[in-house]
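Chains here go by letter, A, B, C, D, E and F, matching the order in which they are written, and residues are numbered from 1 within each.
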Amino acid sequence: MNLDKTLVSFLEEDAFEKDVTTALIPASECEAEVVANEECILAGVNEVSRLFELQGIKMVFLKNDGEVCGEGETVMRLKGSNKSMLSVERTALNLLGRMSGVATLCKKAVGVTGRYGVKVALTRKTMPGLRDFDKKAAKIAGAWPHRHDLGDMVLIKDNHLVFCKSIEEVVGKAKESYPNLKVEAEADSLEQALAAAEAGADIVMLDNFPISEASKAIEKLRAYPVKIELSGGINFDNLEVYARLKPDIISMGYLTKSARIVDFSLNVIG
Amino acid sequence: MNLDKTLVSFLEEDAFEKDVTTALIPASECEAEVVANEECILAGVNEVSRLFELQGIKMVFLKNDGEVCGEGETVMRLKGSNKSMLSVERTALNLLGRMSGVATLCKKAVGVTGRYGVKVALTRKTMPGLRDFDKKAAKIAGAWPHRHDLGDMVLIKDNHLVFCKSIEEVVGKAKESYPNLKVEAEADSLEQALAAAEAGADIVMLDNFPISEASKAIEKLRAYPVKIELSGGINFDNLEVYARLKPDIISMGYLTKSARIVDFSLNVIG
Amino acid sequence: MNLDKTLVSFLEEDAFEKDVTTALIPASECEAEVVANEECILAGVNEVSRLFELQGIKMVFLKNDGEVCGEGETVMRLKGSNKSMLSVERTALNLLGRMSGVATLCKKAVGVTGRYGVKVALTRKTMPGLRDFDKKAAKIAGAWPHRHDLGDMVLIKDNHLVFCKSIEEVVGKAKESYPNLKVEAEADSLEQALAAAEAGADIVMLDNFPISEASKAIEKLRAYPVKIELSGGINFDNLEVYARLKPDIISMGYLTKSARIVDFSLNVIG
Amino acid sequence: MNLDKTLVSFLEEDAFEKDVTTALIPASECEAEVVANEECILAGVNEVSRLFELQGIKMVFLKNDGEVCGEGETVMRLKGSNKSMLSVERTALNLLGRMSGVATLCKKAVGVTGRYGVKVALTRKTMPGLRDFDKKAAKIAGAWPHRHDLGDMVLIKDNHLVFCKSIEEVVGKAKESYPNLKVEAEADSLEQALAAAEAGADIVMLDNFPISEASKAIEKLRAYPVKIELSGGINFDNLEVYARLKPDIISMGYLTKSARIVDFSLNVIG
Amino acid sequence: MNLDKTLVSFLEEDAFEKDVTTALIPASECEAEVVANEECILAGVNEVSRLFELQGIKMVFLKNDGEVCGEGETVMRLKGSNKSMLSVERTALNLLGRMSGVATLCKKAVGVTGRYGVKVALTRKTMPGLRDFDKKAAKIAGAWPHRHDLGDMVLIKDNHLVFCKSIEEVVGKAKESYPNLKVEAEADSLEQALAAAEAGADIVMLDNFPISEASKAIEKLRAYPVKIELSGGINFDNLEVYARLKPDIISMGYLTKSARIVDFSLNVIG
Amino acid sequence: MNLDKTLVSFLEEDAFEKDVTTALIPASECEAEVVANEECILAGVNEVSRLFELQGIKMVFLKNDGEVCGEGETVMRLKGSNKSMLSVERTALNLLGRMSGVATLCKKAVGVTGRYGVKVALTRKTMPGLRDFDKKAAKIAGAWPHRHDLGDMVLIKDNHLVFCKSIEEVVGKAKESYPNLKVEAEADSLEQALAAAEAGADIVMLDNFPISEASKAIEKLRAYPVKIELSGGINFDNLEVYARLKPDIISMGYLTKSARIVDFSLNVIG
C-alpha cells in the first residue's frame, strides 16, 4: 500500500475538492482540536496527521498511538486553512475512529491473554481496503497482525485439503516449494493436528476445538517444535478460558469484524 | 467509483495473485456454497458476484439483496476453478459481510421509524474507502443514503458558522451560488433552526436536540416548507422516541459506525 | 478532477519530456512574457500558473482572471529555466487560450442579459476533457456553470420522457428518490411545462420555445415557485429578445461550442 | 494515447456512472439515431462508435468519416440499453462535434489550396487533451497533421534561437544529434531562411512573411532541396493568395483554434 | 505484478500504437513462426502468448517452457492480423529472449549442483522491472527463486549488522517480531554463522567463504537444525567445487546478472 | 517515460515499503559509499541519484556518467536515513549495474569504430521496460541510440515487404505520408538497397551482408545521398572488419542483448 495514494483516495471518495459548503465561507487561518467522545485506545495518529499534512494543516499531538483516551479528552490540535480543515474533517475522523476501534478491542483482548503469556492475533477478516490500517491498529495495541495476505505465509485450510491427499502431503510440498516461507496448517481434529506437526508445520491452528479437546491437543502437540494457535468463534465471553490453555497464539476474527468506528469530533476554536 | 477497479484493489490488498497456499493444490473445477453463519439482511450480492466473475467463477443466487438470511442458510452457489475460488474467498466474504452488516442495522432502524412515516438516513460516517458500498447497503435496506459526499448538496454545520455572520447569510449565499443544489443547515438551537427555514433552507437538521426541544422545534418549523431532519446521538435505545415526533428524516451515524462484518463461510462441496 | 494530474497529462500529450528541439539549446535561466494577440477576457491564470510552477517556472501576473486584455497587452511575466519554459509554452498557451475564449463569450452574454436580471448559464456541451476548465471560465466571466455532470442534479429531457408515463410521474419519482437533489425538467410545450411545475420541479426549462410561446409560458409559470430556464438555439442574434422575457436563466450551448482558442504568444526576453 | 482509457475518462468527467436522471427510468432496449443539425464534414465515427461499444451499444453507420453531412441528415443508428445510451449521449456528441468541426474547417482549406498543389497542415495549437482527435480529424479531411508533439521532429523557433549562436549552428547540431529525425527551422527573414536551407534543414518555415517577401523567399529557396512551409496569421481571408505562391505546405493554427463543436442530436426512436 | 498491465507497458514503451511503418502496409491476416537462433532453454511461453493474445493474435506452441530448443528450431506458430503481429514482434522477442536467457543459465547451474543434491537459487540482483519474469524463468529451469522481495523473508546482512548489537540479538528480534516469516542471516565468519544458528535462524548464508572455510563451517553448522546457503562470487568456474561441500543452497547473482537476451526471430510466412 | 514513476515502480517491485529486515534495526543517520567491483564505464548516475533522493538520501558523486571506473573504486557517497538507504540499495545497484553494463559494451564498440569515422548504434533489442535506460547508457558512451520506438522513424523490414509490391513503393508511400519523419529501409540484397536509395530513403540498412557484398553495396550506394547502416550478427569478433568498410552506421543488437549487470556494492561506513 502506498499510504499517500490511499489517503488521497479516501479524500476523493468524499469529493473533498468539490466541497460546495466550504466554498461558501471566507478563507482564513484557524485552529481546531480533535476530541474523543468515548473512551478508547488511540490509533491512527500518523495516518491522520499525514492526511491533514497533505492538505497543508499542521498538527500537535496531545496523545500518542496506543494511549488510553478518556471521554472528552483532546487528542490533537490543528492549525491551518479553515477550508482545508473542514474538507478533510470527516475523512480524518472516520479513519481515526476505525483504527482506534480496532486498537481498543485488541488491547482488551491482550489484557486478557497477556496474563497467560498468550499472543492475540488478527485474522484476514478485515475491512476491505483497510487491511494495512487494521493490522497496524492491532500492532499498536500489542496484538500480532498475523499473516498480512495470501502471499506471505502458507496457511493450509480445510478448503485446500479437499483437493489434497493428506495434510502431511501438502505440508511437505509447502516446505519443499517455499524454503523462504513459514507453513501453518489448520486442523479440525487431533489426528490432523498431529499429522501436520509430524510433517514439520511451523504452526498448527486448532480450528473451533471445544475447550477439552483443545486442551488435549495442546498437550500432545507440545511434543513437537511447533507453535500452537487457537481460532474459531473466540470472543470476550470465552477468551480467558481458551487463554488458560496456554496456546502460543489465539486469533480472533471478532477483533476486526466487530470493531466500531470510535466517535471523535473536530471542533474549530477560531 | 469504478466498481471493477475497486474490487480488483481489494483482491490486490490480499495479494490474491501471490496465493502461495493455493499454488500447492492441483487445479480442478469445483463447486462451493456461501452460507450465512448468523441471521442478517443480505446485501452485496451484485458486488460479490462481480468479484467472482472477474476471476471466472460462475454463481447462482439463492437469496437476493434485501432478503432475510437465517443462520445456516445458503445464499449462493459457485462453480469454477478451485484456485480462483480460494484466492477470492476471503475478500468476497469480507465485503459481503460488511454490506450485510450495514443493511441489517438499517433494516432494523427502518422497522422502527417506518410506522411513523419517518425516513432513516445514513451520515458520511462511513468506512473509509467503502462509502459507495455502505450507501448502497442502506438503500437495499430501505434507508435513505443521504448526501453522498461534499459535492452533491450544501450542508452547513456549526464548524462553518464559526466563519460566517449568520445562518441566514450562508443559506442565502448557498441558494444564490448553487441554483442546482439543495441546501441543508444544521441547527443547534430553535432560533437557528427558524432562521435557516426563514432563509429558505431546503432541509433543517436539528442536531442533538433533547426530545422536548425537538418536539417544540418541529412544531414551529412546520410553518415553513422545509424538511426536518433529526440527528446526533440517536441509537436503538432512543430511536422510537424520536421517531414519534414525526420529523421527515432521522439520520444515524450509528448505522455505519457500529455495523459489524456479518459472518459468512464458503464451503467447497467438491 | 485532480488539477495537477490533468495538467501533467496535457504536458505528456505534447511529449514535453522528449522535446528534441529544446534539448539542442544550452541551459540557462531566462525571462519571458505572455502577450495577448487579441482582445479578450482573461481566464486560466491559476491553471497556467500551476502548469509552469510544476516545471519550476516562477510567474508574476499583470492581469487577473476576469479582466479585459487589450490586443498586445502583457498578461504575465515568467522566470526560470529556458528549457522548461519552452517545453511548456504551447500547452500553457493552448489552455489559457481556451479558457479565455470561453470567458470572452460568456462575458459578452452576461453583458446582454444582465440588464434584465437574467442569469446566463453553460450547458454540458463542453469540450471533452475540459469540463472543469470550461465551467470555471464561465464562472470567472460571471455566468452560471449550471449542472456539472450527470450526478449533481436531475434534469429530465425528452429522451427520458420516451420511457415514462408522464412528466409528473418522473418529477415525483425524482423528488422522492433524491431528497438531496434539485429537479429540473425540460418541456417542449406549455402543457408539459405546467405539469412539471405542478409536480414540484425546482426548475423548468423551456426548450426551443419561439419568443411568443416562451412569453406566454413564463407568464403562466410565474404562478408556481419554480425557476424558469430558456434554452435551445440561443445565440447573440436572439439573446436580447429572449432576455427581455425575464426568465431566471438562459442557457447557451453556443458559449462552449463556438468559443475559440484566443491567441497568446510567449516571448523570451533573454 | 490509449483510446479506451481516454474515452472512459471523458465519460467519467460527465459522471456517467452516477447519472441520477437515467436511474429514474425503467430499463429497456431501444433504438436511436444521431442527426447532424448543420452541414459538416463528418469525423469521429470510430471514436464515437467505440465509446458506445464500451457501454454495450451497437451501431450502424449511414455516413463515414470524411463524408459531407447535410443539415438534418442521419449519420448513425444505435441499438441497446436505453440507460447506457442516455448516459453516453452528451459525451459522444461533444466528441463527434469537435472532430467534425475540425474536419470541416480543414476540408474547406484543402479545397482552396489543393488547386495549387499545396498541402494544408495543422499546428500544435490544438485543444488540450484532444491532440490525437484534432490531428485525426485533419487527416480525415485530407490535411497533413504535421508534427504530433515535441518529440517527433526538430522545429527550431525564434524562442530557441535566442539561446544559440546562429540558425546554421542549431540546424547542424540537430542533424548530427538526431540522424533519425527531420529538422525544420522557422525563419523570420530571408537571410535566416537561406541560412537554414544552406545548413541542410529538411523544411524551412517562413513565419508571418508578407506576400511579396514570401514570394521572393520561395523563389530563392527553390535552389535548395528543402520543403517550404508558410505559417503565421493565415486564415480564409488570405489563404488563397498564399496558396498561389505554391509553397509545399501552409500551416494554419486557425483550423484548430477556431473550429466549433458541430451540433448533433441523438433522438430516441423507441 | 499485474501481468497484463506490465505487458501493455512494455508495448507502450515501444509505442506500438504509433507504429508508423506498419501503418504503411495493407491490412491482412497472416501466419508467422518464431524461431530460436541459438540453443537455449525456452522460458516465457505464457507471457509471450498473452502478449500476442492481448493484440488478438492466436498461437500454437511447438515447444514448452523448460524444453531445450536447438538452433533454428521453431518454437511457436502465430496467426492473426499482420499489423498487430509486426507491432508486437520486437517486444515479444525481447521478453522471450530475456526469460530464456535466465532459464538457460539456471538450467546449466542446476545440472552441476543437482548431482550433489544442492539447490541453485537466484538472488535479488535481477533486472529492474523484470523481477517476476527473472524469478519465473529460474523456476522453469528448476532453480529456487529465493526471496522475492524485501517483504517475504528476513535476511540480515552485514549492512544491517552495523546498526545492531549482535547477530543473535537481531535474529532473536526477527523471530519474535515475525512469527509468520523465515529468518535468514548472512555470516562473514564462522563465529557469526554459529551465533546465528544458535539464535535460531532458519537459514545461514556463508558469504564469500573460501572453500576450506566453507567446508569447516558447514561441518559445524550441521549440529543445528539450520539450512546452509553459500553465496558470493560463485560462477561456473567454481560452482562444482562449492557444490561438492553439499550445502543446502547455492545462490548466484551471476544467473541474472550475466544472462543474455537469447536471439529469436519472427518470420512471416504469408 | 515518467522517470520518477518508473523508479518508484522499481522500488515497489522490491516491496521496499515492506522491508521486514530493515524494520528490525534502530533508525539512525548514516553514511555509505558505492563501490565498483569490476572495471566499467559508469552510467546511471542521475537515475540512481534520483532514486535515493526520492527516499531522502543525499549524494555526492566522485565519478560522472561516461567515466572509467577501476575495480574497487568508489563512485558515490551517500548520507541519510539508514533504513531508507538499505531498502533502496539493491534496486539502485541493479539499475546502475545494467546501465553501466550497456555503457561499457558501447564504449568498447565506439573505440573500435571511431577510428574509421563510423557511428555505433543500438537496436530496439533492449531489455523490456528499460528502453530509455538502455538508450541513455548508449548515449553516455558515445553511441547513437537509434530509433527510440515504432513511432519516431519509418524502418521498413523484410516482414513488412512481404505485404508490399516493392521496396520503392513503400519508401515512396512513407515519404508521402510522413513529411516529418526519416525513412529507413532494410535491404537483403544489393538490388533492394539500390532500389531503396533510388526511391529516396534517408537510410539504407544492409542486413546480414557478408563483408565482400557489403563492400560492393557501399561503393554503389555512395552514388546516392543516403546514409548507410550495417546490421545483423555483428559482434566484437567481426566489428573492426565491418568498420573498415566505412559505412555511416553499424548497429549491434549485441550491445543490449549481451550487456551484463556490472557488480557494484553499497558499503555502510557508519
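By our rule, contacts are C-beta pairs under 8 Å (C-beta built on N, C-alpha and C of every residue); 3 or more make two chains touch, one makes a residue touch a chain.
Here the structure is a predicted model, which means the values were calculated and not measured.
Among the other chains, the CA centroid farthest from that of chain C is the one of E.
Set against the C-alpha centre of chain A, every other chain centre is closer than that of D. At the interface between chain A and chain B, two copies of one sequence, more than half of the residue numbers in use appear on both sides, so the contact is built from largely the same positions. Centroids built from CA atoms put chain C at 35 Å from chain B. Work out the mean CA point of chain D and of chain E, and you get 47 Å between them.
As a whole-number value, the distance joining the C-alpha centres of chain B and chain F reads 55 Å. With centres set at the average Cα position, the gap from chain C to chain D is 22 Å.
For chain B, the set of residues that touch two or more other chains comprises 1, 151-153, 181.
Note for the complex: chain A touches chain B at residues 1, 6, 9-10, 13-16, 18-26, 28, 30, 32, 82, 86-87, 89-91, 93-95, 97-98, 124-133, 148-157, 159-160, 162-164, 170, 173-174, 177-178, 181, 253, 256-258, 260-261, 263, 266-268, 270.
Chain D contributes residues 119, 144, 146-147, 151-153, 179-182, 184, 203, 227, 248-249 to its touches with chain F in the complex.
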